[in-house]
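Below is a structure I'd like to ask you about.
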Amino acid sequence: MDLAFTPEEQKFREEIRGWVRENLPKEISDKVHNALRLTRDDLQRWAKILGKKGWLGYGWPKQFGGPGWNAIQKHLFEEETALAGAPRIIPFGPVMVAPVIMAFGNQEQQQRFLPGIASGEVWWSQGYSEPGSGSDLASLKTRAERKGDKYIVNGQKTWTTLAQHGDWIFCLVRTGTDGKPQTGISFLLIDMKSPGVSVRPIIMLDGEHEVNEVFFDNVEVPAENLIGEENKGWTYAKHLLSHERTNIADVNRAKRELERVKRIAKAEGVYEDRRFRDEIAKLEVDVVALEMLVLRVLSAEKSGKNSLDIAGLLKIKGSEIQQRYSELMMLAAGPYAIPFLPEAMDAGWQGEFVGASYLAPLASTYFNLRKTTIYGGSNEVQRNIVAQTVLG
Amino acid sequence: MDLAFTPEEQKFREEIRGWVRENLPKEISDKVHNALRLTRDDLQRWAKILGKKGWLGYGWPKQFGGPGWNAIQKHLFEEETALAGAPRIIPFGPVMVAPVIMAFGNQEQQQRFLPGIASGEVWWSQGYSEPGSGSDLASLKTRAERKGDKYIVNGQKTWTTLAQHGDWIFCLVRTGTDGKPQTGISFLLIDMKSPGVSVRPIIMLDGEHEVNEVFFDNVEVPAENLIGEENKGWTYAKHLLSHERTNIADVNRAKRELERVKRIAKAEGVYEDRRFRDEIAKLEVDVVALEMLVLRVLSAEKSGKNSLDIAGLLKIKGSEIQQRYSELMMLAAGPYAIPFLPEAMDAGWQGEFVGASYLAPLASTYFNLRKTTIYGGSNEVQRNIVAQTVLG
Amino acid sequence: MDFDFSDDQQSLRDAVRKWVDKGYDFERRRKAVKAGGFDRAAYGELADLGLAGLYIAEDHGGMGMGPVEAMVVMEELGRGMVLEPLGQTLIASGLLAGYAPAALQSAWLPRIAGGAALVVLAQVERKARYRLDVCATTAAQSGNTWTVSGAKSIVPAGDQADAFLVPATVKGRIAMFLVERSAAGVTARGYGTQAGGRAAEVSFKDSPASLVTEDGLAALEHGVDIGIAATCAEGVGVIDKTMDVTVEYMNTRKQFGATLASFQALRHRVADMKMQQELARSMSYYASLKLNAPAPERRSAMARAKYQLGVAMRFVGQNSVQLHGGIGVTDEYIGSHYFKKLTELELSFGDSLHQLGEVSERMQDTAGVFA
Amino acid sequence: MDFDFSDDQQSLRDAVRKWVDKGYDFERRRKAVKAGGFDRAAYGELADLGLAGLYIAEDHGGMGMGPVEAMVVMEELGRGMVLEPLGQTLIASGLLAGYAPAALQSAWLPRIAGGAALVVLAQVERKARYRLDVCATTAAQSGNTWTVSGAKSIVPAGDQADAFLVPATVKGRIAMFLVERSAAGVTARGYGTQAGGRAAEVSFKDSPASLVTEDGLAALEHGVDIGIAATCAEGVGVIDKTMDVTVEYMNTRKQFGATLASFQALRHRVADMKMQQELARSMSYYASLKLNAPAPERRSAMARAKYQLGVAMRFVGQNSVQLHGGIGVTDEYIGSHYFKKLTELELSFGDSLHQLGEVSERMQDTAGVFA
């Protein structure tokens, strides 16, 4: 038992750090460190830089062109990029659909889709949630009917993150109605430029356009875009969920943002107020405890000796921490969190700030992060899962 | 709308205050203010003083020899006695069984039982809970079989508070097994000196003997001791519960104990520690808010214009406050809450304290008050009830 | 001791609720938000209902009512998330009536009561945060005339108001002034607020001013306390509506074949929200009923009330969003606007942590509603 | 980075668990509580297992192990709520080995390792609360001999121990001494503790003492940190057992025709308890793995760990009682004893509020496990 990273791990970290220092554009990291708006171009620019290095699919095995890193190396990569102010990798392509294609796609599909994902050229979206199915995902209704060598898709997806930029979307669709809801679901890849696909923005409470509704009106999808077998999509989706492991906790971002809380509290003069500072101290312990929890999971993955089935805990604590740091930043601003200047969240805005520039995004971020305890399996669903592991 | 008490109410308060000042023995109030052990004699002495004045049944209507006070007068009486350091009236006789006897007993029962309750001569216990029935009271199993002019009672009650002192016990017993569990329950008064009644102490986590198991082994109970009709006891018990209104919140005791928290915090030097003091400040707001809630209920009762169905809220908040003040007192003592000297909780103990005399009962009280969120309908059951009123 | 509303108070409530329900629906509000967060016409309608003159004596054309009536009105405005800052009018009229020379009262109170003049408190400064005794704005006297110089932040409807009540330091002591927006040297830079309302950065440069009172800190504290009581009542109104939509959604929305309202864990959350709702209402009553108490008692009561309201508003707002799931974080749904309104109300006149400090510092040996 | 236990560590755990399960059951413990809270025979058995010499070098008859082994052992002792204060032995041996002159080490470490001598830290004073830098006890030197005068509170097994490590002030600076209980002027008044253990008020009057180190505050802080890490591990053991009995009870006890484990509101509570359990375990690991770090880093880590453990122990303890209902507050049931043990552990070496202050004061710009 040892808390320290091995010299090899340290060396690996240094390499990542050095490369990120060289290659992460400062315009982008400045935006991240100040919670300013990232454009599609910002996100894609960074994705392509990573893609060129072969690190966009940083969790991929070597056989598919990935770096073949172990759990700790992946964590170190995530940590170094997060602390340096890199944008989060949009996960739908490299983190979510790619592992499914690797595990259940045929060779042709792998050759067709993986390179575009790895390079960052093709923007993927995720078509899971539907208006009627929130936490109860398996109740989804979007239908895909097989007609010859095509599927005809009709229905609606919702909460589709950044689908306004999407080239492709992977969907869970209903292909069968017998038996349990889970059994009639298939996993289908759909070109968003297909006729009949339309995207409608959903404006969130912070005024931002981050998610969408995606409508399918008699969309023809070649049958070769089906992953694996018909009606087995639920199994593949669950496999995918099992790949969302420690990064669901987002602890590295939390560390970066905790540092920002302190900077803002100092600038606003409340860091020296013991009452406020104590709240930061509580958050600091939360972050350290979450990091220890994450490291324990990583260690278990690396050694294979123990397995720690606590993904639910990571999701709950990680999301609570995200909400809390955004809340504390807003509270640090106090009355200065009341002004709402959405235009001030664009880098290079030439207008006059209220109080100070760093105050402008604080309320927005607080509002925005309310989503974290809802999406990816609400925290209530996660508590169900945790309780199941404890109580049976 | 007016927060102030009327001149009449003020005058009433002064009268109560004056009488209590004259009549509450200082040996007893000293024990209450310092959370020392009250003996059976202390409790009965105070009960008889009240009884002689006609105030032990302070909630009783005039027709049964009570003072006929309205809701606000009752509250003022409770407040003045609590703040002066009077022991709580043991409720089983005057507050719990008496209203049932008044409402559902026959005239003979009323004449037989009420005077002994009013005077404090007869000590009553409550026989509701059973080992198998906690929150699910209606699942009780103690059987009473009618044989001629008697009931033969067999079974077991538990958590029977102070039954070691009891003369009589009122019990819910099963007389029928048809239909819902609630329908076959009767309300029976049992002389605890009857052959076949035995009492076994339950020692609580603080080491105290406060509750008991009561066993009934072929106990013969005259049928004239049945209240109202056979199999209708559940209705009577519910009526009784509806009489536990605002005093379930125990806000007056909370005010007294909050003052004690401050005294202890000052003596221990933590009142000037902003970190600790903030915790007291939170409790202070809780107590004020609870008191306002209680006053709103009283006002609604007095005017009859509004009705506030929030007994569940009073129970939840009141019990949480009790636990919190006992916790804060213990935390104020810090390491000095670790010594456990049960003998030091007897008034006049001649031994040497650890640190200071007022520290001795703090951990015991903290342990003891864990019961408050469990008994009288656990707070989980109360949340069920509150949710029912809100959500249907 | 009596918590019943009189028939007159009930009628007042009905009248305001009717206007909100029929005259200020969500769509009108949305348009007002888009148009900048303040609708002078809507404010005029409030004045037509007599509400702008609620605290103003009948001599000056007002209704001469008290804190309980103000509470009733603010609850109802809270239910409609009305953007126009009537709470500021209560502050300004209460403050002028209580502290200003007669001439100033005669000049302004009738115009305020009629809705012709909107006067707001310009209090926040960059270095002051929620503190009232920090004031870098200064005033200078030359003969019989005063001028004010300095900058005030987040002034409600600050680029729409007709005049400001401005605390300013004179010889190390805070005095209170009235400055018209049209006065020389006044600039106002307006913007929207997080909950859709309007505020502005207002600066004064040798701007002509009328002295309200040299005892400016006492007046400011009193004005802020009027604002706190109004905010508490407004918060109760928003909480009530938040609870309503949450309960309705939970009884409609199905997951796993059952309504959300059927899941015990969610039911218990609702019970906890109901607790906060009733504690908040209790403490809002408390605030209004203590508003005319002597200053130390009044200040202590407002701190307690605003602390409880802050806790309740945050808890109810956050959990309402959570219980709604995805729909709760969309702009389209009214629930997200309740949440934002509750957030902004907590940040107005001091958040929970600030108020906890106020409670802590004012604590006495005794405890309770009357202590 | 590696959180697997070695085979040796696993064997150590198995050995201690076996002793607890077979040699120290609830009935034996109950008897020891009744008999005063300390059982020298049981302590002897711990020593026979080698545990008293865990931190002591093999040269001195110990096992020469480190913090991870100590953690493993303390977790297991926590599972049994073992009354005999092995954590004190870890403190004393760590402190003597790290700070005492060689002669003093040779005189005491072998006897400690063998169980012949129990040495405990006598640290708490009436005015000090949890603070380590407040010390009214004084020491005086006369020639080559030292004497100590003063009073120490709540000294673990203080009337049973063979010697005390006593911080005492010399010329305004805290030094550390060893005083035998049999020395002149030493009196110890023993009593039981809230969780059934034993402690004493110990006073010294010109009692002959051996100097451990003049840098007494550094030694004391180190000793307390050893104690904190041990307490954290012990707490994890108690939490684990508390969770076990709670889960078992919930799957057995029926109400309204269903097991408690079937009620969603209670299930979510258990999920929250599981969260605290795993955060506590994580931070206990953290404490032990930082115990050999440089003092500032070590102190900061212990504060973080003990804060988290305090929160977790209180939450798990209180909720376990609540989920049990009536049975949970009886002396007869083991669950109430877990609760009391968790309470006492929180109050040992600083409760959550105290530790929050320590975390707050030591906070750096950076954040995280390694910062």
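For clarity, chains are labelled A, B, C and D in written order, and residue numbers in each chain start from 1.
Rule of thumb we're sticking to: a contact is a pair of C-beta atoms (placed from the backbone, for glycine too) under 8 Å apart; a residue touches a chain by one contact, two chains touch by 3 or more.
Please read all numbers here as calculations on a predicted model, not as lab measurements.
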item	value
Chains in simultaneous contact with chain B and chain D	A, C
A-B against B-C, pair bridged by the larger set of C-beta contacts	B-C
Chain centre separation in whole Å, for chain B relative to chain A (CA means)	54
Approximate Å spacing (C-alpha centroids) for the pair chain A, chain D	42
Two or more partner chains touched - positions in chain B	274-275, 278, 380, 383
Touching two or more other chains - residues of chain C	263-265, 267-268, 356-357
Complex contacts: residues of chain A adjacent to chain C	129, 134-136, 139, 158-159, 202-205, 207, 268-270, 275-276, 279, 330-331, 334-341, 352, 354-355, 363, 366-367, 370-371, 373-375, 378-380, 383
Of chain B, residues touching chain C in the complex	1-6, 9, 72, 255, 258-259, 262-263, 274, 277-278, 280-282, 284-285, 287-293, 295-296, 298-300, 302-303, 305-306, 310, 312-313, 316-317, 380, 382-384, 386-387, 389-392
Residue ranges of chain C in contact with chain A within the complex	124, 126-127, 129-130, 153-154, 189, 191-194, 199, 201, 255-257, 263, 265-266, 318, 321-322, 325-326, 328-332, 336-337, 339-340, 343-344, 347-348, 351, 353-354, 356-357
Interface residues, chain A side, partner chain B - complex	274-275, 278
Residues of chain C defined as touching chain B within the complex	1-6, 9, 68, 243, 247, 250-251, 261, 264, 267-268, 270-272, 274-275, 278-279, 282-283, 285-286, 289-290, 304, 307-308, 356-357, 359-360, 363, 365-369, 371
